[in-house]
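Some structures are shown below for you to check.
After this come two complexes, each holding chain A, first together with chain B and then together with chain C.
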Partner chain A sequence: MTTKSNSISRSWWWKILAIVMLVYTFIMGFLGPVPAMPIINESIRNLYFHVTMWMAMITLMFVNVVYSLKYLSSGKLYHDLVGEESARMAMVFASAGLITGMIWANFTWGAPWVNDPQLNGTAATMLIYAAYFILRNAITDEIKRARIGSVYGIFAFVMMFVFIMIIPKMNDSLHPGKGGNPGFNKYDLDSNMRMVFYPAVIGWTLFGVWMMSLRVRLRKIEEKIHNA
Partner chain B sequence: MKNKSLIFSLLFVIMNLAAQAQNVEMADTMRSNGKIFVVVVVAAVVSIVLSIYMISIDKKVSKLEKKINESK
Partner chain C sequence: MNFGKQVFTLIRLEAKLEWKNRQAVTSLLVYSLASIYISYLSFRQVLDPVTWNALFWIIMLFAGTNAIAKSFIQESKGLQFFYYSMLPPQAVILSKIFYNILLLGVLGGINFFIYSMIFQSPVQNNEQYLLGLLLGSIGLSSTLTLVAGIVSKANNNAALVAILGFPLLFPLLLMIIRFTGNAINGYSWALNQSWCGLLLLLNSIIIILSYLLFPYLWRE
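Now for the complex of A and B:
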């Protein structure tokens, strides 16, 4: 089967781009100039390694929604497969983001888990996506599983948006840009940091998509062996 | 008299703020005398090694895909 998405997952240019961006992040992330601020000090560089995890997670969850919608309109199980694997990869990034966030919070806010709407919202989102996999595994019929999984995937994305993007902005949160706190883009995130932050987001996201596409291809091979 | 003390206290506050701004601890000295570049090189090597490993997995998957498509 030579679909368009298959040829993209086999091409190399975007994988090389991901590597270049990541190596750039790992070098400039430590050496690039950052604003000197109390309490946060050099740990502001976590912007390139912690915040990017969430950016990659949100992108992969968006891929999940797109492929869920694609499955519902086309009925091709391949679309459902991509949707499932992107949600799995999103969970990997969410775990990494949660652990790094707890380490960062421990040294700047004083505790690994504070009663913050952003943190609790993230926990709720992860539980919602955990339920996505439980729901899928509970259904043995693969067409039924794909359809229910896709519908739930759309619901989960909406809930993620509410829990991570809306509720924390309505309440007071320690995170920048939420509640009474100024956003990074007001004065913290100066143009020097942008020069590293945006490539870091692109690099981590592409790297995540790469890992996801490898799993999709392995699942396809597995399927072919199973059918042979 | 009242004005004078006000100016003095203002001056004190400003000086304090300036002192605080200078006291923010950054890794500037570490970067000039220390060995931060060693850490940067190590981190860069780790990311390159992981990337090379990813490339090798990708190539292996491609080979498997080829094999399976030929046998079909």
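Now for the complex of A and C:
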């Protein structure tokens, strides 16, 4: 536990920013203008609520791997705590992304699950991090758990990254803007949508980090009560 | 003793121990033969090359998991203490990985031979397929060796090896099935070499990561 990390997680300006961004996202996301596109139609608004989940998840996984590395070099249990909780929040965002995506896919593609690189990537990611938690729960000694969990976390992150890089080479995606589908790639993501999309990414990511830091504080309080 | 020599000595020690107690190797062989035969009884014949290939790699995956899961389990406390006090952890993990590559490579070769006899082989380019088998063995053994090392520190629960290892093997299996699938279809080397390069890259990433991460597992 360091004073620096405390001061960032306790300072309030970025939490306000997260709330403002998310309120803006919800208002503009549902009411703002979107281009009329074939097939996706109004469901293009899912960009603000689905793609952003994925981005927040990747950010949190990155936090996980950074804190795993930090734990291995410092041996401070606080770093491991942040790593574990960021993986947990990443799982929450992965589930949210999966659910929003499946609802959307059911309307746009006609089926909630198809053989698509992004879907396979998410499924693999969730399995990997589920295994991470199973491993952690199998170890009772907390220092050992931290060390072994960190090692697996780093290895898993690299393999997950390779998987996400590799699979798009395997088959074309059905996702909008990929494989020649109409959609929101950089050529036709219009400026109105960008005005909502970027704040949405920032808002959801900050929100995820905020929830993660709350979980960390909760765990620390639990520990204090437990030790008292 | 320099590093290379330490690794080599450890591999020889491992092989000697294995040879002393041949039961482990024999049981591995019987395990793969039984899985191939079970597949034969359930499928009778595999006409589709894609299924042929996928079934072979699934058998290899289970055989590999079974073979490597015990890498760190079978050693006595005394031997582990000896390793720990005498040798750098990097030498331990590299020797285990290389030994497992040998083991799985040989096992894979035998599996491939028998599997091709029982199910008629659709493979058009056998050299490429065997290269794929080698690359696949390297990837499977190096990933599973590190996972077995992780599990050996976590109560030695053998089921954990599969739970932790399978999701990590997704990229490797996808690539190896694509590479060997191309070999089945008789693609020329020029068409298939990019997959070979990617597999080599992935294998080196796995081995480098094991080399870097294992010391943290090893210190108690």
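In this section, the second predicted complex is superposed on the first by the 212 of 228 C-alpha atoms of A that agree within 3 Å, B and C clash if a C-alpha of one lies under 4 Å from a C-alpha of the other, contacts with A are read in each partner's own complex, and residues count from 1 in each chain.
Basically, contacts are C-beta pairs under 8 Å (C-beta built on N, C-alpha and C of every residue); 3 or more make two chains touch, one makes a residue touch a chain.
If you're wondering where the values come from, they're calculated on a predicted model, not measured in any experiment.
Chemist: State whether A:I134 touches chain B only (first), chain C only (second), both chains, or neither.
Modeler: A:I134 sits against chain C, while chain B stays out of touch.
Chemist: Check the residue A:I221 against both partner chains and state whether it touches chain B (first), chain C (second), both, or neither.
Modeler: first
Chemist: Which partner does A:R88 reach: the first (chain B), the second (chain C), both, or neither?
Modeler: neither
Chemist: Just to be sure I read the superposition right, which of the two partners does A:I148 touch: chain B = first, chain C = second, or both, or neither?
Modeler: second
Chemist: So, does A:F163 touch the first partner chain B, the second partner chain C, both, or neither?
Modeler: second
Chemist: What is the contact status of A:L72 with respect to chain B (first) and chain C (second): first, second, both, or neither?
Modeler: second
Chemist: Kindly list the residues of chain A that each of chain B and chain C touches, one partner per complex.
Modeler: none
Chemist: Give every residue of chain A touching chain C within the complex, in rising order.
Modeler: For this pair, the touching residues of chain A are 72, 124, 127-128, 131, 134-135, 138-139, 144, 147-148, 150-152, 154-156, 158-159, 162-163, 166-167, 170.
Chemist: For chain A, which residues are in contact with chain B within the complex?
Modeler: Of all residues in chain A, those touching chain B are 10, 15, 18-19, 22-23, 25-27, 29-31, 34, 36-38, 41-42, 207, 210-211, 214, 217-218, 220-221, 224-225, 228.
Chemist: So in the complex, the part of chain B that touches chain A is made up of which residues?
Modeler: Interface residues on the chain B side: 20-21, 24-27, 31, 36-37, 39-40, 43-44, 46-48, 51, 54-55, 57-58, 61-62, 64-65, 68, 71-72.
Chemist: What does chain C use to touch chain A in their complex?
Modeler: My answer: residues 143, 146, 150, 153-155, 157, 160, 163-164, 166-168, 170-171, 174-175, 178, 198, 202, 205-206, 209, 213, 216-217.
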